[in-house]
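In the two complexes below, subunit A is the common chain; its partner is subunit B in one and subunit C in the other.
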Partner chain A sequence: MLEPILFTLFSIIAIVFAFNVIFRRNAVHCALHLVGVLLSLSGMFVLLNAPFIAAIQILIYAGAIMVLFLFVVMLLNVKGDAALLTPGGWKGFGFFFALIMFVELLYVVLSQGGTEGTPAQTIALPPGFGSPAEIGRILYSTWLFPFEVTSILLLIAVIGAVVLAKRKFA
Partner chain B sequence: MDLTFLIASAVKVLIVLGFVLLGVPLIVWMERKVIGHMQDRIGPQRVGPFGLLQTIADGIKLFFKEDIIPSGADRVVFIIAPALPVITAFLALAVVPFGDTVHIAGHAIPLQVTDVNIALLWILGTTSMGVYGIVLGGWASNSKYPLLGGLRSSAQMISYELAQGISLVSVIVFTGTLSLASIVQQQEHLWFILYPTLFLSFVIYLLCGIAETNRAPFDLAEAETELVAGFHTEFSSMKFALYFLAEYANMMVVSGIAISVFFGGWRGPFLPPVVWFLIKLSLFLFFYVWLRATFPRLRYDQLMAFGWKVLLPASLLNLVITALWVGLTG
Partner chain C sequence: MPAWTVPLEAYQLVAALLFTIGLIGVLVRRSALIIFMSIELMLNAVNLSFVTFSKQHAQMDGQIFVFFVMSVAAAEVAVGLAILVSIFRSRETANVDEVHLLKG
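Let's look at the complex of A and B:
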């Protein structure tokens, strides 16, 4: 009963904020609306029985990464003067690909669940689904290799950032 | 979701809300009085008995002050920013257990607003969201000192969040749960502070907590000597009061979590659990004030070096040792 209401609420917030991310002139406002999108997505993860992912979403994306985004935007003092919806070669190009992407996504969404107009069949969740312990177990057993590869990738990025920052630009 | 649950939750929310709102003036009074005596002064004493009503009077004064928004400020963000740290502080307090389960008219009611199974992550998440209030307040003022103060303090909070999170991970490894209620439950016989590795976690957690709340000696965000008043320079009236409230509410959050995780929560002999919680909370808040009266402010580079080169490696090492210990002893 409560679930559809909350889902609708979070979806509306996410969509409205996502539009604001694109159409706002002020880059800081855009970043803040992106935080709003991330928070409402985290609410949806809770509805999907994934509290751990929801918490991580807030902690990492909304709490850490977006603060760094804000830092950069604030320090660069980006002036959002250029109007977005003006005709222009590159922008038309971008809109064209965005449209293709949208149609593609729409096709995927509509072809999966909504063909009969009935909600997808509910599947009984295994015990401990979405709990930190269960996610940890899966991450360190079934998905160990991708997990380690990702961590090496991040390590490379960290070292790369340090090397770039330390380089003397003479 | 029955009616008693809803009523009990609403009452608990109101209790926590009221406790913080009434507690903060008391803490501010305590701080001024204690620091006064530590500096050989007598502190506030004119308004009410022992000056107890001084902070209430200050609050009323702030309420009636003119609310100034600087002309170059980003109005919407300027208005929203002071509310954010208060909201996140209250959200974090929602998972702190302040007493044992009580039985009222046949209903078992745990004295905790809500017991989520990701409580510790929830707390870290809300504190990381609290950064926004400060960085946005600094930016929206459109003034150089607040901007510098805001950037400084958010860099500080992000840096110390890492070590704080990892020090709590040691506890999670040790207890195998993220729920604060069951962490308190596991300390029935022995407080976690008495285990050697968890003692180190506690030290790291507390240092990071002080840095997270921007309190002395880590109050670089509002270093008066260099930044006027840091991020809240341009804020007046209730907006300033909200930042003030948030600082003290966050002190309560850090203390409440330290109590629940390391000091047995509401557990204690003879006295009722809630009283024990309040005693421990007061001791923690006193410790905060004591620190402020004792230590001079750090330099900014010292602060960052301490966070990244001392606390973070120490917390990682501690995590490895704790994991080994848990793995070897079972």
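Let's look at the complex of A and C:
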């Protein structure tokens, strides 16, 4: 009974705020609306039996990444007087291309063509589904190697960011 | 009384819509900062899709993928914003239409 209400609420918030992200002029407003989108997506993750993902969505995205965004927005202090959208025919091309993409996605979601091997919707979830313990068990057994590769990726990203943002290239 | 639930296709529709909005942002905005935010929007739409499929198949691999997508997104944002700061320092603009040194 509660799930449809919450789902409608979260999806409307997410979509309205997403439009605000891409059509606001002030970059700080865009960033704050993006936080709203991330929080409502986190609520949807809870509805989808993924409480741990919802928690790290708030911690990492709405916490760490958005703070980085806001920091750079305020550091650069970009003037908002330039034209908002890219000029001329490219804008129309962008909207047209996005429309084609959306129609394709709608077709994929609504058609029953690609659902071989997909179980019926009322499949029973195993106990502990989405809990931190289960996530940790899978992450450190099946997905151990990708997890270690991720640590190297983050190390490279940290070094790259420091080198790129240095005041003078050596 | 039957349990009144949301079909999982509805979540996929929201994910598709959010992805399209992010795509519009990448294609039509001129500010590199907003383009980065739109990329985050698209990554989040895909995350929602992954979690939905994870529930549909009753397997947690989709949630693990969200974990990896988040770490890649964090790396991408760190490097991308560093590039943006570097460009802004040398060209005094964050407008992608004005950064065309390689265009000849």
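The rule is short, and it goes like this: the second predicted complex is superposed on the first by the 148 of 170 C-alpha atoms of A that agree within 3 Å, B and C clash if a C-alpha of one lies under 4 Å from a C-alpha of the other, contacts with A are read in each partner's own complex, and residues count from 1 in each chain.
Please note the rule applied: a residue touches a chain if its C-beta (ideal position, glycine included) is under 8 Å from a C-beta of that chain, and two chains touch if they have at least 3 such contacts.
Computed from a prediction, not measured in an experiment: that's the story for all the values here.
Put simply, more of the residues of subunit A are touched by C, taking subunit B and subunit C as the two choices. In the superposition on chain A, contact of A:G94 is made with subunit C only, not with subunit B. In the superposed model, A:I56 lies in contact with both subunit B and subunit C. In the superposition on chain A, A:G160 makes contact with subunit C only, not with subunit B. Of the two partner chains placed by the overlay, only subunit B lies in contact with A:L32; subunit C stays clear of it.
Shared-chain residue A:P132: touches subunit B; no touch with subunit C.
Subunit A residues in contact with subunit B (one complex) as well as with subunit C (other complex) are 52, 56, 64, 68, 75. By the touch criterion stated above, subunit A contacts subunit C in their complex at residues 1, 3-4, 7, 11, 14-15, 18-19, 21-22, 27, 30-31, 34, 37-38, 41, 44-45, 47-50, 52-53, 56-57, 60-61, 64-65, 68-69, 72-73, 75-76, 78, 82-87, 90-91, 93-95, 97-99, 101-102, 105-106, 109-110, 118-119, 121, 123-126, 129-130, 134-135, 138-139, 142-143, 146, 150, 153-154, 156-158, 160-162, 164-165, 167.
Interface residues of subunit C facing subunit A in the complex, by the touch rule stated above, are 4-14, 16-25, 27-31, 33-34, 36-38, 40-41, 44, 47-48, 51-52, 54-58, 60-61, 63-64, 66-68, 70-79, 81-86, 88-89, 94-95, 97.
Residues of subunit B touching subunit A in their complex: 74, 77, 116-118, 121-122, 124-126, 128-129, 131-132, 135-136, 139, 147, 151, 154-155, 158, 161, 165, 176, 178. Residues of subunit A touching subunit B in their complex: 26, 28-29, 32, 35, 51-52, 54-56, 58-59, 62-64, 67-68, 70-71, 74-75, 131-133.
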